[in-house]
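Presented below are the structures under discussion, each in the form of structure tokens.
Consider the two complexes below, in which chain A is the common component and chain B and chain C are the respective partners.
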Partner chain A sequence: MSSSYFLPRMKRELEILEHDPPPGVVCYPVDSNLTRFCAQIKGPKDSPYEDGMFKVDVQIPARYPMEPPRMQFITPIYHPNVDDVGRICLDILKMPPNGSWKPSLNISTTLTSLIILMADPNPDDPLLVEIASEFKENRSLFLQKAKDATLKYAMEEKDSSAQ
Partner chain B sequence: MKYTIIQIILMDAKNFPLLVPSDVDEPSYCGFITVKGQELAFQIKLENNSTGLKNAKLYGSPKLKRLIFGHEKALQQRLEQCASFSEFFVDLKDLLELLMTKEKTDPSPCENYYSTLINELNSIGWDKLEAFNPSLKNLSLKLNDSSGRQHSIFVSLPFSYPQTPLIVHAELPTPSSTTSNHMASLKDAVSFYSKVSLDKELEKFQYVWSMLDDIDAHTWVLEPCKPKRSDLIRRIALGNHCSLQIELDASYPKGECQYRLFGTESLISPLREKIIKNWNTWLNFDLTIRQNFENILEITFPSTQTISTSDINIECGICYSYRHEDSLPDQSCNNAKCGQPFHRSCLYEWLRSIPSTKQSFNTFFGNCPYCNDAITTTICDQ
Partner chain C sequence: MSNIGEAEQHKKKGNSHFSNKDYHKAITEYTLSINKDPNNSVYYTNRALCYLKIKNYVNVIADCEMAIKQDPTSVKGYYMLGQALTEQIDFDTAIKNLQKAYDLTIADKGSFSAEIVQALLIARKKKWNLEEKKRIDKESELLRYVKGLINAERERQLQKVSSKSNMFSKIVNSHPPDVQEKMDIINQAHNDKLSQLEQVFGQSDENLKPRDLPDYFLDKISFNIMHDPVITPSGITYERAHLKEHFKKIGHFDPLSRRECRESDLYPNLAIKEAIEDFLSKNGWAADY
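And now, the complex of A and B:
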């Protein structure tokens, strides 16, 4: 049972996602009770994820926005702050005092932060230590591996046909 | 006193050999500081009867003054904090080096830069000038093509203009023609783009542009939010949080057309089936791409809807609504710059969710989720 503030809030968030989406993001509800969204993020420019399309599963807890949304990459991504199963290490996705989620953030701004994290990894708070040290010490190898992973997993075939 | 002076000079002799006492009675020193091969004259005056650098004053040549313009306060503060001359001089040298490299990258324009520019604008006509930045380093000109479509060309002028050519680029859908061109003058640029490009080379883009204009006019384009002439992608709303992305190919405008559907699988799959079923009916070249897609999908694209932009400021910052269980936002942040309203119940619900909130009887003390200023609320009965 969702709380009384959940539905009005989600209604407005849907409007934001539909009318004024963060650049490079498509986000839509997957189920009818607005607890699950699918976000498709275009890899940020000038990053090894460029040209890729990354699917992110967004789960909205019943106490949202008193609790942060849960986000997880579905598309595999080679990134120091994302683990093998797609869990993301981002402070705004955690409750205080360990994290910095606030109800002034929303799905749209959180996705924007996720894009910024993709473009600018945070090796000082890593989830995968090996990738983080590679990012710090051997940047060219990191970029190559991240690019290879993008080419391998994130290049969704576009539907195309002759006119 | 004299002893200190000599000591200071000896101490600094290695790094700053060009410093000498200038006055017999007053503790003051004149000298040069060498930064990047340039010698800058300066003078330091100490307060009488003080051995430290407290209340010391720094005077400099006009060149030095110009360099440190805007940094005087910080420098004075540093001068007072530093324990020794050496320490201060190292700081000063670092700062000057930094400022000098900054200055080098931003030289002043050539002597006849502005007069040439004004003359050229006179000759091409000021009505063509669309926008410019305050330093007149970057301009954009507007030109019309054969079918009356307006285009912007972007000009960036090097400071050594007119000796070195200016760089011009236009927003065209092919990577080869978007690359910048070097032009001798604005007039050349205008004639190049209006005669060669916009009338002949660009003729082949007219079809693509007319298709895109049709999409822009008749559908609700979600992305890009302000399409440029070089953008060949449009993501348009289909309603129910579904969208269709169409990508045109500038070189084969009538050939391949890529599309992608976004949305919940249950709503998207019937559309996908319709595309597969009806694709072979896409034969009518008299219709636009938008009309063909509408025929295939058997729908009409919704046109731009104006969002009910309810004034966000009067809505509760937590539940994003105005009326919540028959209560209106009855509390707001006391910070005048924030002033975000909340429902008492929403704010209470948030504050009790986080461990940093302190409670005294039925009052809760926490921070505004928007500006982080202190905020309090009282327990609600619900």
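And now, the complex of A and C:
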């Protein structure tokens, strides 16, 4: 059973996501008990993900906010800190002492950190070593591959809405 | 069987009806318990809970008052009394009783302080909404009155102009050329006054003000405004009930600093409590939103 502060807390979080979401993000609940959200993130400008729309699955654990939300890319993304099933390596998505999640963070601030990670990968703490070394040693090849992946996977919605 | 034994039997039956959500049958059983043993506060609070479920608030209030009479430390009695009074729009008494329930459960290390805090915030918010509605109604009444005065003055001036022009036309047998112009000026002047008036009233409307709730008034766990703020040895302030639940369910450490922390390490943060009270007296909408 979830804690007595879970619902009031999620009510507040919904309000933040509705009225003051991070720029370029739409995030809405996909179930009625507020344990699962869908986030759509616009690829940051001046990054190889620009113009792409990336879907992220957000799961809220029963012990939230004492435990971090679980986030996973649904849309494939070519990025040193995201693996091929969409798992994300980001410190605030992990509990201390290895991570830096805090209950004063929230879904909105976590999504903001995710956008920053997209714009500015962290090759020193990679999930996929090959992409990380490519990012460090052959930046133009990395950018090309990331752009290609964005075009291939993250543009579908735009195409369908343009028709 | 003794009366007390029989009363307990009926209570057990009542409890099983209650868990089957058959509140009317549960009420019948609890009533039998009360008939056998009228001095046990639990029978009254159990029956009150049934009445609360079927939204019979008058009976909730009566049973809670009986329960409190039998046991002046009945947390449930004060808690449900407060909830029922909130529904009956008697917010001041509701808040008083909920605060009493909160104080009792904290002193007694009771377990459902978080629910009581929530009920308190809801009662405060509803009270504020009602006062706000009254204020707006009063204001629109005043607005209507002043608008009436302006329109009456407009009529009076128009009348004056037209009666003058009538006298003029009787003498020279034609309309003075500038009468329409004069009337236009009068109309324009009064329309300006009306729109200025509406602007002034509009500005005073609290609802148009941006509703900003400072983050430092919010509990870091629930993101709700704090009712009983306590400070940890790390200097971080939380809602007491939520922090206690964290200790119980997760562990004895400060959720933000992760330093060891127990209930005995907590101090009430009276300064922030006063600041919140002051803020709420001007921004009652923030109590529960």
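Just so we're on the same page, the second predicted complex is superposed on the first by the 157 of 163 C-alpha atoms of A that agree within 3 Å, B and C clash if a C-alpha of one lies under 4 Å from a C-alpha of the other, contacts with A are read in each partner's own complex, and residues count from 1 in each chain.
What we mean here is this: a contact is a pair of C-beta atoms (placed from the backbone, for glycine too) under 8 Å apart; a residue touches a chain by one contact, two chains touch by 3 or more.
Remember, predicted model here, so these are calculated numbers, not experimental data.
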| item | value |
| --- | --- |
| Touched partner set for A:Tyr28, first chain B, second chain C, both or neither | first |
| Which of chain B and chain C A:Pro65 touches, first, second, both or neither | both |
| First, second, both or neither for A:Gln40, with chain B first and chain C second | first |
| Partner chain in contact with A:Glu18 - chain B first, chain C second, else both or neither | first |
| Which of chain B and chain C A:Asp91 touches, first, second, both or neither | neither |
| Residue contacts on chain A - larger count, chain B or chain C | B |
| Contacts of A:Asp57 with chain B and chain C, given as first, second, both or neither | neither |
| Partner chain in contact with A:Pro103 - chain B first, chain C second, else both or neither | both |
| Touching partner for A:Ser4 - first (chain B), second (chain C), both, neither | both |
| On chain A, positions contacted by chain B and by chain C | 3-5, 8-9, 12-13, 15, 63, 65-66, 96, 102-104, 106 |
| List of chain B residues in touch with chain A within their complex | 222-223, 225, 235, 237, 241-243, 247, 254-265, 272, 275, 279, 282, 289, 292, 307, 315, 317-321, 324-325, 340, 345-346, 349-350, 353-356, 369-370 |
| Touching residues on chain C, where the partner in the complex is chain A | 112, 114-115, 118, 218-224, 239, 241-242, 245-246, 249-250, 255-256, 258, 289 |
| Footprint of chain C on chain A - complex, ascending | 3-5, 8-9, 12-13, 15, 63, 65-66, 96, 102-104, 106 |
| Chain B-touching residues of chain A, taken from the complex the two chains share | 3-5, 8-9, 11-15, 17-21, 23, 26, 28-31, 38, 40, 63, 65-67, 95-97, 102-104, 106, 158-163 |
